[in-house]
Amino acid sequence: MPPPNKTYPDFASAVADIPDGATIMIGGFGAGTPHNLIKALYEQGAKDLTLILNAAGTGRDPGPGPAHVTPSTLIEARRVRKAIMAFTASTHPSRTTPVEELQEAGEMEAELVPQGTLAERIRAGGAGIPAFYTPTAVGTELAEGKEHRVFNGRTYLLYEALTADYAFVRAWHADEFGNLVFRRAERNFNPLMAMAARCTIVETEEILPIGALDPDHIHTPGIYVSRIVQIPPDGIFHITRGPAGGAAQQGR
Amino acid sequence: MATQEKTRLTRDLMAARIAAEFQDGWIVNLGVGMPTLCSDFLPADRFIVLHSENGLIGYGRNATVEEATPYVVNAGTFPVLLQPFASIVHHADAFAVIRSGRLDVGVLGAYEVGANGDLANWKTSREKKGGGIGGAMDIAACAQRIYVLMEHTTRDGKPRLLERCNLPITAAGVVKLVMTDLGLFEPNGEGFTARELAPGFTLEEVQALTGAPLRPAPDMREVQIR
Amino acid sequence: MATQEKTRLTRDLMAARIAAEFQDGWIVNLGVGMPTLCSDFLPADRFIVLHSENGLIGYGRNATVEEATPYVVNAGTFPVLLQPFASIVHHADAFAVIRSGRLDVGVLGAYEVGANGDLANWKTSREKKGGGIGGAMDIAACAQRIYVLMEHTTRDGKPRLLERCNLPITAAGVVKLVMTDLGLFEPNGEGFTARELAPGFTLEEVQALTGAPLRPAPDMREVQIR
Amino acid sequence: MPPPNKTYPDFASAVADIPDGATIMIGGFGAGTPHNLIKALYEQGAKDLTLILNAAGTGRDPGPGPAHVTPSTLIEARRVRKAIMAFTASTHPSRTTPVEELQEAGEMEAELVPQGTLAERIRAGGAGIPAFYTPTAVGTELAEGKEHRVFNGRTYLLYEALTADYAFVRAWHADEFGNLVFRRAERNFNPLMAMAARCTIVETEEILPIGALDPDHIHTPGIYVSRIVQIPPDGIFHITRGPAGGAAQQGR
């Protein structure tokens, strides 16, 4: 029998069942961010969320119009209980982020993880590895309270894997079974998160018939994908840095 | 030389000078901010592979507005161009390159550098809970060497080159070279060795802006790109 | 039925019968040897994804000599065909599928199965140093359930279904179903529950070839493919 | 400056410097085996080797002619000090392998590792992860003496990473920089080993000019590859199962 068609008609239906308290991984590193799913989640209303992602966006500078909802928008709306990220503060020391403010105020929990360790914890979650050792962060404030262990004369820290209830993923192409291809730097965290979540929801520029993708070129096997939405012509395709450094939304 | 006008180095000059240190065959990671400028100043007679945390292996110079695509961006999410030999990996594999020690150098921005090579670049105060680590902690812990590219002083004129870092460190004892707008310096344990100074500046003038003893290199000279 | 000729099941019939247990949407790994025959007998009304340790996700039936290519082979290195929805991953990612619990079933060959669900399929004597584990230990430890496909007795007629395994085990308590040339059995802790028997065989006859108490299922019947 | 051309003229020159005592990873799982490099190593003479590979081949049934040298041929020639493998015995209980015999005789060391753990140890070696936990082999003879640890109520075993001096890799296509593309099931251990070795040597069906491969389709970045040899028309392209189950060598 042929595989099920995992296509959903729109973003609202694809995120409709996400309950309060869910843990959600959100892909993207500048490029490859599932903006439409983030926006749909914002409109859906789920709260008490745990987010696992690289960075939440500035929140204060959400770009042109209501289309540009970032994870920081969810955080500012007090709908995030905990965030696990590689940036809880802005890289610009003069700015503060919603995460910093709510964390200082004791209104949310934020776990700061070096980016490579974050990626590896997500990879471990998808690979059935419960924990691993890494040399990163030894000798820093982040190592306080962590298990230290020496292998071959070098000191490492123990970290546990991360998994999630949902992953929001942005792909270039998908087929109807959910096989995914990413384009260039849009790949980043997306294939790792697709493997680490129980329900992976994908937004993609184009859904192709089964058989259209070369099996050797597929970055994420369809077995990891539950739902696929094709970005409509009026959806968000890219948000890039504008000439002045601000965000600029791009159509196809 | 004493009568020469004092000229702090531009960001482009700083980037070009540190890029001239890259050796043939090196794999190089350029941190967010000033370090990414280096991609426009790679030595033409050497083969350099630029690596980015987001999985680009083999990118090149910054893209012009006409060349830019939303798909090809560096770690700072600015559009760049791919080299013909480029390949793409996912984030975990991008950090596999880093953690396995394959980066010949990581060029990072910093808030402070210690005379012992300590690097502080993820947190602007000890009291703050949050920070912006990104990939810097992995790079600092695992690259063969770290070069720092930063302004010599803070906005209010305080030194960033110190005997010991005041801020929480990113990694201990990893910095080999510091390029500032006042010159090129090597941490030497007790202070810094000045290899090159910005045009018109004397060692004494730079020492006054530095929080650790400066020692001139035997061949100390004015900053030269090559 | 008592006068019916006794017929041990063929390998194809055994494979077809166990394949009929695969449910719609299942991800299935077929072990080297007899289990790989299952790929020729997948239930036509269900969507099944065959996964192989070498990274094929979504292969199908065994290839004919004309269809065979050296590039597309199953875990037993026999040529198979890819399904239209197939994808390929490397060996670590193939075992990521396994270890993360995504296999709905692993069908494995075995030397012995215990009434407690223990599986022994990697070593033919306790004394030998070596063994042939392959992917079986990962699959047995991590799949949602294990089905075993094996001859009911050894070449010299000794039982393979036992109260407890004599040989070193591959994983403890994981076998949910055993298909042999004498029928279909479920480990039940003290012995095995006979769900189906090969044509012409009585429970007593099969019990005589089994190393643990056999109990008939309430609806025990002759082996039926569907 | 353009990248160096890593092409070597023949297999002999590509393996010439491998010293006695080297640790070598050998890719392949039926398909994707670097037969020509194994043969060149056999002819080169290095001994006291440590091999890391899935299986060594039967040795007793080396297929048609002297062309078909397997790792077992090296083992039978007493040139392997230690092997780390997922199969040290044959899957057919009636046959014995050279590894088994030499191991029983105390003439070589063999470490038996479940295949997924073997793949993950190699992956860890390439990823700078010194050690990790896995659920596989808990409760078995292999777990004896290993560190056990419970995470979230389940017991896991600690394993350390594997690295090597050399990796022998078989790719479908390579470019002159060493970017690799594998075809179908030939991928298996190859890209993992390429990352875990200090010097990766590749045999490939075809060497393409730089720029011929789509960056999104490259399975192994060229930074992991040191030497590339194109299989000559009279080289070994594939060894497949013959009609009677024996090995049959195939040309292109």
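Note that the chains are named A, B, C and D in the order they appear, and that numbering of residues resets to 1 at the start of each chain.
Everything that follows uses one rule, which is that a residue touches a chain if its C-beta (ideal position, glycine included) is under 8 Å from a C-beta of that chain, and two chains touch if they have at least 3 such contacts.
Source: prediction; values computed, not measured.
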Task = Using mean Cα positions as chain centres, tell me which chain lies farthest from subunit B.
result = C
Query = Where are there more C-beta contacts: A-B or B-D?
reply = A-B
Note = For the pair subunit B and subunit C, the C-alpha centroid-to-centroid distance in angstrom is 58
Query = Between subunit A and subunit B, what is the gap in Å from one C-alpha centre to the other?
reply = 28
Ask   = Approximately how many whole Å separate the CA-defined centres of subunit A and subunit C?
value = 39
Message = Going by the contact rule already set, what residues in subunit A reach two or more other chains?
response = 120, 127-129, 134-135, 183-184, 187, 215-216, 219
Request  = Could you list the positions in subunit C whose residues touch two or more of the other chains?
outcome  = 82, 88-89, 92, 95, 98-99, 142
Task = Sort the chain contact graph into one of these: line, ring, star, complete or other.
result = other
Ask   = Looking at the whole structure, which two-chain pairs count as touching?
value = A-B, A-C, A-D, B-D, C-D
Query = Which of the residues in subunit A come into contact with subunit C in the complex?
reply = 1-4, 125-129, 175, 177, 179, 195, 210-211, 213, 215-216, 218, 220-223
Parts of subunit C lying in touch with subunit A, wherever the complex brings them together = 24-25, 27, 44-49, 51, 57-58, 82, 84-89, 92-93, 95-102, 142
Message = Per the contact definition, I'd like the list of subunit B residues that touch subunit A in the complex.
response = 32-33, 52-56, 65, 68-73, 75-79, 82, 88-92, 94-95, 98-99, 111, 123-124, 128-138, 141-142, 168-172
Ask   = Which residues of subunit D touch subunit C in the complex?
value = 29-31, 54-55, 86-91, 93, 97, 99-100, 103-104, 110, 112-117, 119-120, 122-123, 134-142, 172, 182-192, 219, 237-238, 240-241, 243, 250
Query = subunit D touches which residues of subunit A in the complex?
reply = 120, 124, 127-135, 149, 151-152, 154, 156, 160, 181-184, 187, 215-217, 219
